[in-house]
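Here subunit A shows up in two complexes: once beside subunit B, once beside subunit C.
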Partner chain A sequence: MSPNVRKFIGALAFLVVAAALPFVTDNIYYIRIATLIGIYWILVAGLNLVIGYCGQISIGHVGLLALGAYCFAILAGKAGVDPWVATAASALLGGLCGLALGLPSLRLPGFYFAMTTLAFGMIVAELSVAWEWLTGGGVGLMVPFYPGEFASPWGFYWLVVGIAAIVSWLVWNLGRHAWGRAMISVRDSEVAAAAVGVPIYKIKLYVFTFSGVLAGLAGALFASYQSYITPETFVFELSMFFFVCIVVGGRGSILGPFIGVIVLAALPEIVAPLAKLGTFFYGVLLLIVVLLLPEGIGNLIHILRDRFNPIERRSSGIVPDLERLAAALRQGGMK
Partner chain B sequence: MLLSVLVTGLAIGALYASTALAFNVMYSTSKVLSVATGHLCMLGGVFGAYFIQTLGLPIIVGFVGALMVGVIAGYLMELITVRRIINRSDEHLWLLSTLALATMIQQSVALWWGTEPRPFPRVIPQEFGAGMADQKYWLPVVALIVIAIGLELFYRLTMYGKVFIAVSEDAFAARARGVPTNRIRAASYMIAGLIGALAGFAAGQLTFAYFALGHVLTLMGFIAIAVGGLGSNLGAVVGGLLLGVLSSLVSYWFGGEYQNTIAIGVLIIILIVRPEGLFGSKRVRHV
Partner chain C sequence: MKTLQAKGVSKSFGGLKALSDVSIEVRPGEIHGLIGPNGSGKTTLLNMICGYYRVDDGRILLGDEDLTGQDIQTRARLGIARTFQKPRLLQDLTVLENAMLGAWTDHEASFLETAFALPRNRKDEARSRDYARELLHGVGLGYAVDRRANLLEHGEQRFLEVARALALRPRFVLLDEPAGGLTDHEIDSLERIVLTLKDAGIGVLIVEHHTDFVFRISDRVTVLHLGRLLKHGDPHTVETDQEVINVYLGA
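Entry: the complex of A and B
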C-alpha cells in the first residue's frame, strides 16, 4: 500500500469519526466547539498554503474572514438573499479581495508583505466600524442560520465537516503535486525556483487568491455560527491564532496545522486558565517553537523517533577487507 | 482650525518619526525589522503613567524609570528574539520571533494594566487652557528633535557610533577587525528601546497610556520608513512627520475613521511607485 493510499484511508477514517460525533455525544457544547474547529480549519487550510508552503507571512487574514462574514450577514440577513448564494458571494468576495491585496503586496519581500497584510486587516476593522449604514457599525449585525436541516447545531456541524473535508481534499491535492513542489521551492529559495522556471509571482498570487476564497467561505460560516457579528468579533488576536496554529503545527505539512487547529482551539475550552491568558499563551508558544523547533511541533515526533528508535543505518560495505588489502599490497610489492 | 490640525499632525507625526528612528537603529546593526518596535513606545507611555500616576513617584524618577524599562525591553528583544535567530539562514524566523514577543508584551500589559486607555499625567506644570501651546503637542516634537540630533551626534562624534556604522556596513568585516558584533547589536537594541520609551513617554498625553498602541505604532513607523527610505534617518523624520500631518488632515476632512485607510493607501502607492523611498539609496533597497 503506497503512503498516499494509506493517508487517504486515514483521512477517510477520521472523516467518518468526525461525522459520527453527534451520535456519540448529545452535548451541544462539544458540537459547537467541533464546528468552530471545522470553520477555523477551512481558513487555516488555505492560509497554510500561503504561510507553510509559500513562506509568505500573512498576518491579516482576519480581514478576509471579516469580509466574508460581513458579506454573508449583509446579503443573507439584510438583503434577504438565499444563504447559499450569499455563501458563494462571500467566497467570491474573499477571492477578489485576496487578489486585490496580493497584486501589489506579493511583489514585496517578507516584512513588507507582512506589514501590508496587517494594514489590510486594520483597514477592514476600521471600515467595519465606519460604514455604519452597511455594517451596523459598533452595534453589529444579526446573521441568519442556514435554511432547513442546516439550522440545527448538528446539521450545521455536518455542513461544516462536509465543506472542510472537500477543502482538505483540494488542499491535499494542491500540496503534493507539482503545485506543492513549486510553492515549497518558492519558500526555500526564490532564486533557485526562478532558475528552474517556476513563475514565482503567479504561484504566490494564485495561492493567495485561493486562500482568500477559503477565508471568505470560512467567514460566511463563521458569521452564521456566531449568529451576531460586531467589529469586535474580528480582533487581531484571531489572526495571531491562525498563524500560531500553522507555525506550531509545522510548516510545509497539512496534518501538522490541522492538529494545531484542533489542539489550540480546544485547549482554552478544556484548560480554563489558558482562556484567560489566551493570546499571551499563543505568543509564548510561538516564541518557543521558533526558537527551539523551527520545523514545528509536528517535527518533534520525528526527532523523538530518531532519538529513541534510530533508523538502522544500512552499512554499504565500508568494513575494510584487510586481508585482501594486504594481499594486494603484497602483490604490488612483488612487482 | 487648520492650524490646530497641523499642530496635532506634527505632534503625532513626531511620534511616528521617533518610532521609525528606532526601527532604523535596530535595522542598521542587525538587518532585522522588529514587529515589537511600536511596543517599545507603548511601554514608555504605560510605565511613565504607572510610575508617576499610580505609584506617585516624582516625575523625573518616573521618566528615568520609563526609559530604563525601554532599555531593558530592547535588550531582552535582542537577547531572546534576535541573537539566536540571526545566524540561521531562514529569513522569516526573526519576523515570527519578534511577532511573538510583540504579542507577549501587548498581552501581558493588557492583563496587568487593563485594556482601557488611561490618562497620562502632566509632565510640566501648565494650565490646561494653553490651546495650541499645550505641552502635549510640543513634547513629542521636542523628543523627536532630541532623538534625531542625539543620534546624529552619536554616529558622527563617538567611537561607538563609528563602530555602529562599521557593523551596519559590513558585519563580517567589522568582526574580523575585532568588533564584538553581538555586544554592538545588543547596544543598538538598547538605544532603540531608549528612543522608543522616550518618544512614548513624551507623547503619552497625546496617545494616553494604552496597551494596543504597539501594533499601530509599528505599522505607522514602518510606513514612515517605507516613505522615507529604509536606513535613512532623515527619511524617517520626514516620512513620519508627513504621515502624521497627512493622517491628521484626512481625519479633518473625511472624519477620524478613515485615518488608517489613507495611511495604508500611501504605503501601497509608495511601495509601487518608489520602493526605495524618498531618501533611500538603491543599494539598500530590499524590495
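Entry: the complex of A and C
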C-alpha cells in the first residue's frame, strides 16, 4: 500500500470518527469545541499553504476572517439574503481582498509582506468599529443560524465537518503535487525555483488568494457560530493563534498544523488549569517547539524514522546507468 | 540547430567591472568548458546566460531569438537548465520529488485542476514521476529515489541537481562547478554522464576549477581573466597557450 493510500484511509477513518462524535457524547459543550476547531481548521488549512509551504508569513488573516464574518452577518442578517448565498459571498469577498492585498505586497521581501498583512488586519479592525452604519460599530451585529437541520448544534457541526473535509482534500491535493513542490521551492530556494521555471510571484498570489477564500468561508461559519459578532470577536490574538498552530504543527505538513489546531484549541478548554494560563500556555508551547523541535510536531515521524532507521551507505558509490539515461533523454526529447 | 550565445556582454556590480565585452557560444551536442581564476567572471557569465542577472551591455541569443530581455523562467521554458555551485535542493522533499520539480514547465494542470485532482493533474504527475525516475536511475541515484534530500551526501546532491536540470528536457545545460567536492570515482561518473548528454544532442556549458577534467571532456574551452576573454579554442590549443599558463594554469 502506498503511503498516499495509507494517508487517505487514515483521513477517512478520522472523518468517520469525527462525524460520529455527536453519537458518542450528548454534551453540547464538546460539540461546540469540535465545531470551533473545524472552523479554525478551514482557515488554517489555507493559511498553512501560505506560511508552511510558500514560507510567506501572514499575520493579518484575522482581518480576512472578520471580513467574511461581517459579510455574512450583514447579508444573511441585516439584508435577509439566503445564508448559503451569503456564505458564498463571504468566500468570494475573502478571495477578492486576498488578491487585492497580495497583488502589491507579495512582490515585497518576506518581512515587508508580513508588515502589510499586519497593517491590513489593523485597518479591518478599525473599520469594523468606525463604519457603524454597516457593522453596528462597538455594539456589533446579530448573526442568524443556518437554515433547517443546520440550525441545531449537531447539524451545524456536521456542516462544518463536511466543509472541513472537502477543504482538507483540496489542500492535500495541492500540497503533494506539482503546485506543492513549486510552493516549497519558493520557500526554500527562490533561485532554484526560478531556474526550473517556477513563476514565484504567481504561485504566491494564487495561494494567498485561495487562503483568502478559505478565510472568508471560515468567517461566515465563525459568525454564525458566535451568533453575535463585535469588533472584540476578532482580536489580534486570533491571528497569533493561527500562526502558532502552524509553527507548532510544522512547516510543509498538513497533518501537523491540523493536530496543532486541535491541541491548541481543545487543551485549554478540556484541561481547566491550562485555561487559566491563557496565552501563557501558547507561549510556552511555542518556545518548546521552536527550541527543541524546530521542524514541528508534524515532522516528528520523519525525525524519529531518520534516527532509528539509519540509511545504508553505499561503499560502491554512484554508478550511472548510461543506457537508461540515454534512453530516457531520447524518449523525453527536448524543449 | 540553435546555438546558445552571449554576444559582447558586460556587467558591473557597483563600481566593479565583473565582465567586459565577453562572447561565448555553445552548440548543441557540444561540451564547452569555461575556466579562469577566481573572480574572473565565470559564474557571472553563467548567471547572465540563464537569466539570473541582466546584462548591462550585449545580448544573449538562442538561435535567432533574443533572450536578453527575457526573465529566467522564460529561458527555462525555452530549454535552458542549470545547476548550482552550492546544491540548492528542497531538503524536506524526497529525491524523486526534487527531480520532479525540474519538470514544472511541462505541467499543464492549473491551480484548480490540481486542487480537485482532475485528470490533467494526474497525467502531469504520472508523466513527470516516470521521467524523473528514469533520469535518477540513469545518473545512478536509483537506490535513493524515496530518500529525503537532507539525507544525501554531497556527491549525491550534485547528481540530483543534474537530474533535476535534465527533468526540464533542456536543449542546453549550464553546470556550475559540478565536480566541486566530488571523489575521483564520482568525477569519473559525472564525466560519463556529461558525455551521454552530449551524445543526446544537449549543449553543455561547464564552469569548473578541475582543469584536467575540463580539458579531457570539452570540445572547446573558453578562458576568462579579470572579466575579459583571455583565450578560446580547442582544449589542446588552450592548454598549451603561454598566456593561459601564465595567469591560470601555472608552470
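In this section, the second predicted complex is superposed on the first by the 299 of 335 C-alpha atoms of A that agree within 3 Å, B and C clash if a C-alpha of one lies under 4 Å from a C-alpha of the other, contacts with A are read in each partner's own complex, and residues count from 1 in each chain.
Throughout what follows, a residue touches a chain if its C-beta (ideal position, glycine included) is under 8 Å from a C-beta of that chain, and two chains touch if they have at least 3 such contacts.
What you are looking at is a predicted structure, and each value in this text was computed from that prediction instead of being measured.
Peer 1: Where does A:G283 make contact in the superposed view: on subunit B (first), on subunit C (second), on both, or on neither?
Peer 2: So A:G283 only meets subunit B here.
Peer 1: Applying the document's definition of touch, where does A:V319 land relative to subunit B and subunit C: first, second, both, or neither?
Peer 2: second
Peer 1: Is A:W179 touching the first partner subunit B, the second partner subunit C, both, or neither of them?
Peer 2: In the superposition, A:W179 touches subunit C alone.
Peer 1: Based on the superposed arrangement, let me know which partner A:I166 touches: subunit B (first), subunit C (second), both, or neither?
Peer 2: Once the two structures are laid over each other on A, A:I166 reaches no partner at all.
Peer 1: Based on the superposed arrangement, let me know which partner A:I57 touches: subunit B (first), subunit C (second), both, or neither?
Peer 2: A:I57: touches subunit B, not subunit C.
Peer 1: For A:F236, is the partner it touches subunit B (first), subunit C (second), both, or none of the two (neither)?
Peer 2: first
Peer 1: Across the two complexes, find the residues of subunit A that touch subunit B and also touch subunit C.
Peer 2: Common to the two interfaces on subunit A: nothing.
Peer 1: In the complex formed with subunit B, which residues of subunit A make contact?
Peer 2: Subunit A reaches subunit B through residues 55, 57, 59, 104-105, 107-112, 114-116, 118-120, 122-123, 126-127, 129-130, 236, 240, 243, 247, 276-280, 282-284, 286-287, 290-291, 294.
Peer 1: Spell out the residues on subunit C that touch subunit A in their complex, using ranges where they run on.
Peer 2: 50, 52, 71-73, 76-79, 81-82, 84, 88-93, 97, 100-105, 107, 109, 111, 114-117, 121, 124-125, 128, 131, 134-135, 137-143, 147-148, 151, 155-156, 159, 164-171, 183, 185-186, 189, 192-193, 196-197, 199-202
Peer 1: Enumerate the contact residues on subunit B facing subunit A in the complex.
Peer 2: Interface residues on subunit B, with respect to subunit A: 33, 35, 80-81, 84-85, 88, 90-93, 95-97, 99-104, 107-108, 111, 215-216, 218-219, 222-223, 226, 255, 257-261, 263-264, 267-268, 271-272, 275, 286-287.
Peer 1: So in the complex, which bits of subunit A are touching subunit C?
Peer 2: My answer: residues 170-171, 173-174, 177-179, 181-182, 184-185, 188-189, 191-192, 194-199, 206, 210, 251-252, 299, 302, 306, 311, 314, 317-322, 324-335.
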